[in-house]
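Both complexes below contain chain A, partnered by chain B and then by chain C.
The block that comes next holds the complex of A and B.
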């Protein structure tokens, strides 16, 4: 009676095979006393087809994380501990050549600033066809005519109007939104299993942002790629992603299904982030920011990094002395993790979360 | 576009005019009397007076200048009394030797600077960077004739790897048949391998010496622009596409970084011309530079004047070529930006 297709839909985020496993990753810049630990002991798993948002303020380590995964940290930055497994292979064990090969087929990256993302002296066609040659097996021996058609089709897929004309143009002749579309086209030229998008729409105006997000969502769905979507904009994440990791001061402080985290944030920092989003519906409310400044990452960590700004844990001894672990929270959907000693107290007073202590 | 070309042409004409006036006036201000030099110390005042009139030296300075300029344009560059030939003939005979030397010097400097800059920036190694930077400093900071002498002492005298300062070919080796006037090219064109090797060996030290200063200049320029480019996001994007760091640097970084270096080409030519004067003397290279040194010593002003004007022409031409090349190479200058949305 129970056929295979009749099984109830299960969340792909829990059963699909992982495409990316980051284990205890630590990224540092510089040496000695001025050394900055930008990413500290981060572990996360992204499964096939998952859309994962990574949210945090500037300096929370999200860009360093995005660059460390494909092995593209800028000068001075290096992975000091931990592993990055893509397609079950540890990137740190690979030669630069093998790493580059993996970037062709498995991980591709979209960067934040579309204005500098393209080679200024090569035509769009030359740059996109390079991506196709690198990313599609067998495209190397393809005829010029066929390649031309492929480039045009890819650009059209990324909603570039008048693709035939744009192909002959150079980056300086395109607007920011167009350049980002070209950059996305290059990133999805193959069928990468994972796309890392580092604030792909931050530099664009809101209307373009919405168009591009919609396009990106369609394009990755067509390829059934997973995406790691990095942004400081929680509103974008809540529209775009299945799961979310909130980062603060180089650590993941909360993780879970996107809808649940947005509806019912557990970490005081996530709560602050969500309180800072203006709502279009409902009664007028004053926006609440998070007081204080993010900590200096060059200073050693003792206790919870968020403690000085925390509305719950400020001045609490355990928060000042012990680094909280990223613990699973039983009793909910079983997928949520929070790094907070006082998670029970943190939910108090926040409707509609049940006051469990009482 | 026509406006740019027009303004460039006017600029070039002004540069040439100033150069010619400067050299003309300076040479006329020197105390030596050309008539006396030609006729010798024993000539009578009447003969000197007659020679001065024949040379036009009794005319006012601007008339002399006009006469000279018209003559120069018609190929009358004066007479080289030291060698007993017209200056034009003398310069034309010697020009190929200088051009060949200059060509190789520029080739070595450019190739060397590109390789060194890529290595310096790409290797992310302080040692490599320091070595090339020191070499560039030596090249820029030392007079080329001194480097030439030291190179001769080391490679010719002491190690015997390369021939000493004996000109373009070794004793007993006939020049190849003339097609391009470049010995190395002619030897290759006519299949004379022995001659090619000999010509190349003779050329190597002077060309390297002459190329060292342009190398230093070009290296520093390229290193700087490559550093800037290597921090640009698009190189990361290229690596994101699946190129290794070196591939991205070579395929996308170098072409972009080379653009600012193009501007330097005019300056490099100036450096080569200036350097060639002394380097050719040190290596006994039968080129124009050596002719100039000998002419200065013999007070043959016609040669010096022609040399300065020719150098100015070369400099101006090079800059115009660079401007034209820029438009060809850099798409950002090729057409006005019409932004597509």
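The block that comes next holds the complex of A and C.
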């Protein structure tokens, strides 16, 4: 029962309002000829309660995107174009104070390594109560006893056994899975409308990962929070998310409902990515990797970035010369967008997908 | 410990079987905060298995299950506390330093992280040629030729021989690490998480390369993996480890399609998979994430605190289960598995 009463119930029948709008966002690192454009002209909208996966390999720009939204880009990185609207307000238009207030009340971030989020010299109790004070209006005046009870309840909600004991411990005394649970507890201390999770379970064992994903799904559903779930693991996305954006070389190349994209990928890159994942079921067959390597992002873009590795468009003039747009696909649900000149050919000429019966 | 007669490496038969017998390794933990003796941490305890010559054996298990310690003990990088490793007619655990040096020509290990295992100051050509120089194989000119050949075998352009590791991608680095191990034409290759640091599309390339090299060069692999789907893709047989001990062993396909030990079942259920029913993850819930605790071993079965099979049977709490052959070729360390496997 953590502050759930303050959350307005989302009627699933209406189209939920957007909680995050990223418009033509471009993020660059460095200056001059060595400048790297990590995120290029990315637009995406996440609606209330939506679980959005952002999938890509290293260098696809997914982490830069995740960090640019709450303004946490590392040194040298900056937003050179586009804007980010959280709850329809542009973070840059607000005063620093209002900006900080909006970010802390509306956006939470969960990192891959929870040690980045936790202070090594402060007890779990002290850190979680700070998160509660920051994220819950009115919690500042709470009595110590009440705060202690709130921290314990929050940790228990995140499935930490022995919450009373864990509260007195320090980050280094906890296992990786426990630390990530504490980080999640801090992220959901308030009624955040949007959680940005960057590879939250990548460093964990599969059993822990399954448990934490299940717990995360429950706590964000209780708060009607939306989540932007960034990962390289398409299998995890397919089990956790409603919608997915596939990124390649700084751009979104495909977008749509998760189940549809996974069952019937339309961009040659998404197709290659799925064919490259070994399976635990079905007949064992040779994997089809994507030949070549991702492009250098410091080089100027001329045409489709995937063209040199593309099964369909390799050497095709239009692919080499023109950057394809992220266009909606006619004849589909209207939710699917693909950035490919040859999308008709890509879906026709595709080798049959490996059998993946549930 | 019995000491087997050691013959000269060059006179050994090729492709011997690897046999691990009752191998244990204990470390001393940190001194307790106030006083008392340093605790003994058993990284692996009583591990025994046999790897067939020319096969690909996978060792799977979660973080802290002892997979890497096991590999290091077999490769001679860590001295085990007890037990022995026999490879053909050589007892690896009884070798002297010099004997190990000679044996290592036939037994190579590729470590996990291709970002930290290559010397940044050396060129790719120097890295791959270094083992040849160590064993004084060939003239410098021969070595150049062998390096070029090996680079081609792992799918790298010979022109890369002049590059430094910093200029290479993760997949290319892993190929260089492989080339460095293969240039000596070893008979056994130990691979510690060969693809865990790589992107999916590159991972597929490297897995295909490993399988292709295995077929072409006729060597044996011992592969440490945490990803079960990767294990299924490359391995013939599997050893499943939990808290330092083997809990299940047998053919890879059989284990992954019909796991018998409750731990293996939990691992399979928890593995994310495209197209898998979303509710499947729930099978993994329960006490899954409770760490096994390397210091204070539970008396009885070490998996008992997390086990979903046990109903508090007294035997689980008192007797550490031995590996039993439940089916031809399949051994499971569980008191309850035959009954349990009926519903799985």
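Note that the second predicted complex is superposed on the first by the 331 of 358 C-alpha atoms of A that agree within 3 Å, B and C clash if a C-alpha of one lies under 4 Å from a C-alpha of the other, contacts with A are read in each partner's own complex, and residues count from 1 in each chain.
Here, a contact is a pair of C-beta atoms (placed from the backbone, for glycine too) under 8 Å apart; a residue touches a chain by one contact, two chains touch by 3 or more.
The model shown is predicted, which means the values in this text are computed figures rather than measured ones.
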Chain B versus chain C as contact partner of A:131, first or second or both or neither: first
Contacts of A:177 with chain B and chain C, given as first, second, both or neither: both
Touching partner for A:288 - first (chain B), second (chain C), both, neither: second
Touching partner for A:206 - first (chain B), second (chain C), both, neither: second
Chain B versus chain C as contact partner of A:101, first or second or both or neither: first
Chain B/chain C common contact set on chain A: 175, 177-178
Interfacial residue positions of chain A with respect to chain B in the complex: 67, 70, 72, 74-75, 96-97, 99-101, 103-105, 108-109, 111-113, 116-123, 130-131, 134-135, 162, 165-166, 169-170, 172-175, 177-178, 183, 186-187, 189
Chain A - residues contacting chain C, complex: 57-58, 175-178, 205-214, 232-236, 238-239, 262-263, 272-281, 284, 286-291, 293-294, 356-358
List of chain C residues in touch with chain A within their complex: 62-63, 169-172, 199-205, 207-208, 211, 226-230, 232-233, 253, 256-257, 266-278, 280-282, 284-285, 288-289, 291
Chain A partner contacts - residues on chain B that touch it in the complex: 124, 231-234, 236-247, 252, 255-256, 259, 329-332, 337-341
